[in-house]
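Take a look at the structures listed below.
The two complexes that follow have subunit A in common; it is paired with subunit B in the first and with subunit C in the second.
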Partner chain A sequence: MEQELLLWVRGTGLQIAAAVFVFGMVYRMLHLLMLGRKMSLAAPRGSEWSGGLRTMWKRSFVSTKLSARGNFTVIAGFIFHIGFFITLFFLSQHIELFRAVLSLHWPAMPRGVIDISAVLAIGAMVALLVHRFVDPVKRLLSDYQDYLTWALSFLPLLTGFMLLREIGFEYITLLTLHIASVELLLVVAPFTKLAHMFSTFISRWYNGAVNGFKGINI
Partner chain B sequence: MKEHETLEQRLQEQGISRRSFLKFCAAMATMMALPPSSASAIAATLAKVKRPSVIWLSFQECTGCTESLTRSHSPTLESMIFDMVSLDYHHTLQAASGFAAEQAREDAMKEFHGQYLLLVDGSIPIKDGGVYSTIAGRTNLDMLLEAAQGAAAIVAVGSCAAFGGLPNAQPNPTGAVAVSDLIKNKPIINISGCPPIPAVITGVLAHYLTFGALPALDDQGRPKAFYGETIHDRCYRRPFYDQGKFAKTFDDEGARNGWCLYELGCKGPTTHNACATTKWNGGTSFPIESGHGCIGCSEPKFWDAGSFYAPLPAPTADVSSAAKAAAVIGAVAAVAVGAIDRGKKTQAQQSREKLTVDDLKGE
Partner chain C sequence: MSTSLQNGINTLIGQIDAPTASFFTSCVHCGLCADACLFYTETGDPKYTPIHKLEPMRRLWQQEYTFWGKLMKKVGLSKPVTDAELTEWEPLVYDSCTLCGRCSLVCPVGNDIVYMVRKMREGMVASGHAPEGLKGATQRAIELGSPMGVNLNTLKAQIKHAEKETGLTVPLDVEGADYMMVLSSAEVAEYNDIIGAVTRIFKQANVSWTLASDGFEGTNSGIQIGSSDLAAELVGRIVRAAERLKVKYVISPECGHAFTALRWDGPNLIGRPFPFKVIHIIELLDELRSSGRLQTEGVDETRMTFHDPCQMVRRGGVIEQPRNLMHMVAPNFVEMPEPGVQNWCCGGGGGVSANHRAEPLRNQVFSRKKAQLDAINVKTIVTSCSNCRTMLLDGLENNHMDIEVIGLTELVAEHLSDNAEGKAS
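Coming up: the complex of A and B.
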C-alpha cells in the first residue's frame, strides 16, 4: 500500500498538482494583467518603467524604520523566505526534481547549510504564528486563509526536514507525506494569498510605475 | 523422496558434523534476531524434527528464484534447506517428468493433506480463465487452488508470487496476480525479492520447523526479521547520503570514492530487504557494494515505479507535458474571460445614461 501511495504521488498526483498550479497561476496572473489600467491623460513627470523596476528591487529590502509592520514581522518574514528558498532551490534532491521536470540543474549547497536554513525557516514560521495569536491587531486581521496558507507552507518544510533526517517515521512514509504536502500547496496556491509568489512582483511594479509616472521617487 | 527420517539422521548420513549443524543453528538464530540462547533450542528441535513434505509449484516465473537457492557454493546454509525438508515436487529439481511427476505431487498432497508446506514461485495469470500458463494441461490457477486446500501454510517465494512481479507490471496482459490475491484462508508468508536472498527462505523454514509457526510478519506479509529495515538504513554508504555526497555518474570521482548512489536511482531508502546485512554469493557483497543502486526488487510494483536509474525525487509520469497543456488552457481561459470582462465594461460605458440638470432638479 505504501509503495502504491508513493507511486501515485510521484506520478498521477504530481501531474494533477502541477497542472492545477500552472493553470491557476497562468489564469490568475494573465487575468490580472488584462484588467489593465485606465489611461492617464496627464503629462508624465517621470518614467513608469524606471519607477516600476526600482520599486520591484527596493521593496526586497524593507526598512524596519519605515515599515508599520514592526521589526519582528519583517525580520522573521525575511528569515522564513530566505530559508525556504535555500532549501527549495539548493537541496540536491530538489535539484534532481528540477532536472527531471525542467531539464535545468545547478550546484547544490552543502547539507549543513540546508539544515540550518530549514531549521531557521521552521523556527521563523512558528514564531510568526505565535505572534499572530499573541498580537491583538494581527489576530483581529487574520482570517481562516491566513492559517490555511501558514499550514500549507509549513507542512512541506516540516516533512522535508523530518525526511532529510529520518525523524519519527520511515523514509517511505515521510517521502510520501512530503510530496503529498507539496502537491496540496501547489493545488491551493493559485487560489489563495499564496498567489503572491508571482503577483507580488506585478503589484510592486504597478505601485512603482504609478509613482514613477507622477515623478515620485521612492 | 519419502524418507521422513529426522534431520540429524540425514545429516549424519551425509557426513555433516554436529559442530557444523550447531553453527548453522546459531547463524539462523542470529539472522532472525532471536536471542543467542535460542540457537540451542533450534538445534534440539531441528535435530528431532521429521522432515516435512514440501510441494513447490512454479508458475509464471523465470526460474531465477530456484537458481538463487541452488546456485550457491557448497556446502552453504542454503543447501541445507534440502536436508530440512522432503521436496516431493519441484519442476526444475525433480528427476521424474511427465505423468510420474504429476503423480508424485498428487501422492504427496493426499498423504500429507493438511500438513505439507506449499512453496510457490511465479505469479498466477487469471485472465481468460488462466490459459496463459498451464502445467500438464492444467492452469496455474486451478493447480494452486487445489494444492492450497491441503497446505498447512504457503510460502510465496520471490516478488512474482508475493506481489505479482514482472508479469503483473503494466499493462499486465495475462492478468497476473499474487498468491495472496487468490488464497485468503491459509497462512501466507511472502519472501519477496527478484530473486529473494537464499538465506531468508532457509531462515523462514528453520523458524517454521522449530516453532511450528510462521515468524512475525510485516504489513506486506514478509518476515520482519529480514524485511524490518530498509537497504538505506543498513547501507555502508549511508554516511555519504547524510553528508550530501552523491555520485553523479557511474564513473565520476564520487563513484570512485564510493559515495551514495541516490542520484543514480538507488531505491534503497524505500526498499525493505536484508541485502545490506546478509549479502549475496556466500556473503561476498550486494549490488550497492558493486557500484549499482538498489532497484527495489523486494517491494510491490517495483517494475512500474519508473526507471531504475531515475532518482527517487524524479516524477514517474510526464509532468512537463501536463504543465504545458495546463499553461495553454489557463492562458486561453484568461484571455477569454478578460475579453468578456472588457466587453461588459464597454457595454456598461455605452449604455450609461447621462445625468442632466433636469434630473437633479427632479430630485
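Coming up: the complex of A and C.
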C-alpha cells in the first residue's frame, strides 16, 4: 500500500502537479500582463528597458536605510530564500530528478552545505513567522494567505530535512510525505501569493521602467 | 462628475492595469514600505504602512481579477468595499501620503506603491471621498485659475514690481519666444522675487523668453486630488498658451507637482504629445551654466544644504543639476543624511499642504526633516519647490529652529556676474 502510494506521488501525482504549476503560472502571468498599460506620450529622458532590467536585478538588494525591524526582515528573508534555493537546486537527489525530467544537470553541493542551508532556511522561516505575529505592521497586513503559503513552503523543507536525517518516520513514509508536500506547493502556487516567485520580476521591471523612462538611474 | 460609491468602485476597477495587478500579486506583506514612509517612522502607527493605504483597491483587484477572489465573491464570502470604509481610508490616502514615492524605492518585490496611490485617489474622487481642503483648492484652480486665488492682475502687479526692481522688461505674451516660463501660485503670491531673478538671469544668458497671460499658473491640484479630468483642464491651459505663442520650450517652475504635471503626466492627460519640450527651471539653469552662458561671481560662505523636492528629484530625475548650481555659489554646501533620491519629504507634498485636516499630522512628521537638519547644523536651506519652501518655513517655525529658507534660482541670481549681465544681448 505504502509502495503504491509512493509510486503514485512520484509518478502520476508529480506529473499532474507539475502540469498545474506550469500551465497555472503561465496563465496567471499572461492574465496580468494582458491587462496592459498606457504607453506614456511624454518625451522620454532614458530607456524603459535599461531601467526595468536594472531594477529586476538591483532590487534584490535594499538600498534604503531601514529600521531594526526592516533589517531583520531583509536578513531573515535572504537566509530563507538562499537556503531554500540551495537545497532545491544543489542536493544530489534533486539534481537527479532534474536530469530525469529536463535532461539538465549540474554539480551537487556537499551534504554538509545542504544540511546547513536547510537548517538556516527552516530557522529563518520560523523567525519570520514569529515576527509576523509580533510585529504590529506585519500583523496588520497579514491575511490567511500569508500563513497558508508559509505552511506550504515550510513543509517541503521540513519533510526533506527529516528525510535526509531519517528523523521520525520510515524512509518510504517520509519520501511520500516530502513529494506530496512539494506537489501541494506546486498546485497552489499559481493561485496564491506564491506567484510572486515570477510576478516579482514583472513588478520590478514596471517599477524600473518608470524610472528608466525618466532617466533616473536607481 | 457625479460622485457615488458605485462610480468610485467602477473607477478603481478601471484603474487596475498590468503593473497594478503585478504589484498586488507580488506583495508578500513584508512591511518594508513602512520603514520608507515618514508617516509611519514618525508616528509608529502601522495604519500608515504605504501598502495598507491601498487595501480597498487591493480587495477590488482580488475580487475582480483573481480566481479565488471571483469565486469568493460569487458565493458571497468576500468583503465588499463600502462608503464607510472609503471614509475611513480617506485620511490614509490623502492626509498621510505626499506621493513622495519613497516606498516605491524600498519595496523588495519592486512594487511602485505611489503609482497605485495616485490611481486610488481617482477612485476616491469619483466616490466623493476627497478632503475638503483639496476640493476647495482644485475648485479655485478651475474657476479662478489658481488654487491660491491669484489671477492675472496679481501677476501684472508682480511684473511691475520686478521691472521696477531690476530695470528690465519682463516679457509677457511675446509670440515666437524660445521659452515660456510658468510659475507656481506661491511664486506669484509670496515668493515673487523669482520673477526678477529669472528676468536678470535670462537677460545675462540671452535667453528668449516670455510669460503667458493665459498660462502662467503651473500648480496642478488635479494631480494632487487625483482627478485626471481636472488635471487635464489645468495642464491644457498651459499647452494652449504655449501653442498660441509658438514657443519651443515650456519652463516648469520651482514646484514639484507642477513639474510632474507638465513634464511626465501632461501629454498623457491631454492625450497627445506636446509640440514643445518641457524643462525644469533648474535643468535650464544648469544647461546655461555648463554652456558658459550663466556666469556668477562671489560666493556665499554660509553653511547651507539643499532640500530635494521629491517630484523634482526622486520622481523627476533632476538630481545633479541643483548640486552643480549649489557648488557654483556655495562653497560650504553640505548634504543632508540620505540626500538625493533617498531624501525625506517636507511632509506637505501631494496636496497635504492644502488639506487643513492634515496639519497636526504634518507638523508631527516634520520631526524627520528636523532630525536630518539637526545632523548637519546649517544656517540656510536651499530648495527648488515653493511648496517645500512653505512647508520648511512652517516646520522650522513650529520647532523654533533658526534656519533661513531660500529658493535656488534666487540664490543663483544673487550672484550673477555684473560684468556679464546683458553683455550677450
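Just so we're on the same page, the second predicted complex is superposed on the first by the 212 of 218 C-alpha atoms of A that agree within 3 Å, B and C clash if a C-alpha of one lies under 4 Å from a C-alpha of the other, contacts with A are read in each partner's own complex, and residues count from 1 in each chain.
Keep this in mind: a contact is a pair of C-beta atoms (placed from the backbone, for glycine too) under 8 Å apart; a residue touches a chain by one contact, two chains touch by 3 or more.
As the structure is a prediction and not an experimental result, all values here were calculated from the model.
Undergrad: With the two structures overlaid on subunit A, would subunit B and subunit C clash, or do they fit side by side?
TA: fit
Undergrad: Could you tell me if A:L140 is touching subunit B, subunit C, both of them or neither one (first, second, both, neither)?
TA: In the superposed model, A:L140 contacts subunit C only, not subunit B.
Undergrad: In the three-chain superposition, say which chain, subunit B or subunit C, touches more residues of subunit A.
TA: C
Undergrad: For A:M34, using the defined touch cut-off, is the partner it touches subunit B, subunit C, both, or neither? Pick first, second, both or neither.
TA: both
Undergrad: So, does A:F23 touch the first partner subunit B, the second partner subunit C, both, or neither?
TA: first
Undergrad: With both structures superposed on the shared chain, find the angle between the C-alpha centres of subunit B and subunit C as seen from the C-alpha centre of subunit A, to the nearest 10 degrees.
TA: 170
Undergrad: Classify the contacts of A:G70 with the two partner chains as first (subunit B alone), second (subunit C alone), both, or neither.
TA: The second partner, subunit C, only.
Undergrad: Looking at A:R54, would you say it contacts subunit B, subunit C, both, or neither? Reply first, second, both or neither.
TA: The answer is neither, since A:R54 touches no partner chain.
Undergrad: Using only C-alpha atoms, work out how near subunit B sits to subunit C after the chain A superposition, in angstrom.
TA: In this superposition, no C-alpha atom of subunit B lies closer than 7 Å to one of subunit C.
Undergrad: On subunit A, what residues does subunit B touch that subunit C touches as well?
TA: Common interface on subunit A, subunit B vs subunit C: 28, 31, 34-35.
Undergrad: Sort out for me which residues of subunit A touch subunit C in the complex.
TA: Spelled out, the residues of subunit A in touch with subunit C are 28, 31-38, 40-43, 45-46, 55-56, 59-60, 62-67, 69-70, 73-74, 77, 132, 135-143, 146, 191-193, 195-196, 199-208, 210-211, 214-216, 218.
Undergrad: In the complex of these two chains, what residues of subunit A are touching subunit B?
TA: Touching subunit B from subunit A are residues 1-4, 6-7, 10-12, 14-16, 18-31, 34-35, 92-94, 96-97, 99-102, 108, 110-111, 114, 170-172, 175.
Undergrad: Would you tell me which residues of subunit C are touching subunit A in their complex?
TA: Subunit C reaches subunit A through residues 16-23, 25-32, 34-36, 40-41, 46-47, 49, 51-52, 65-68, 102, 104-112, 115, 263-268, 271-274, 277-278, 314-317, 319, 338, 341-342.
Undergrad: For the complex, which residues does subunit B have touching subunit A?
TA: Contacts found on subunit B: 219, 230, 232, 242-244, 246, 262-263, 269-270, 299-302, 304-306, 310-320, 322-327, 329-331, 333-335, 337-338, 341-342.
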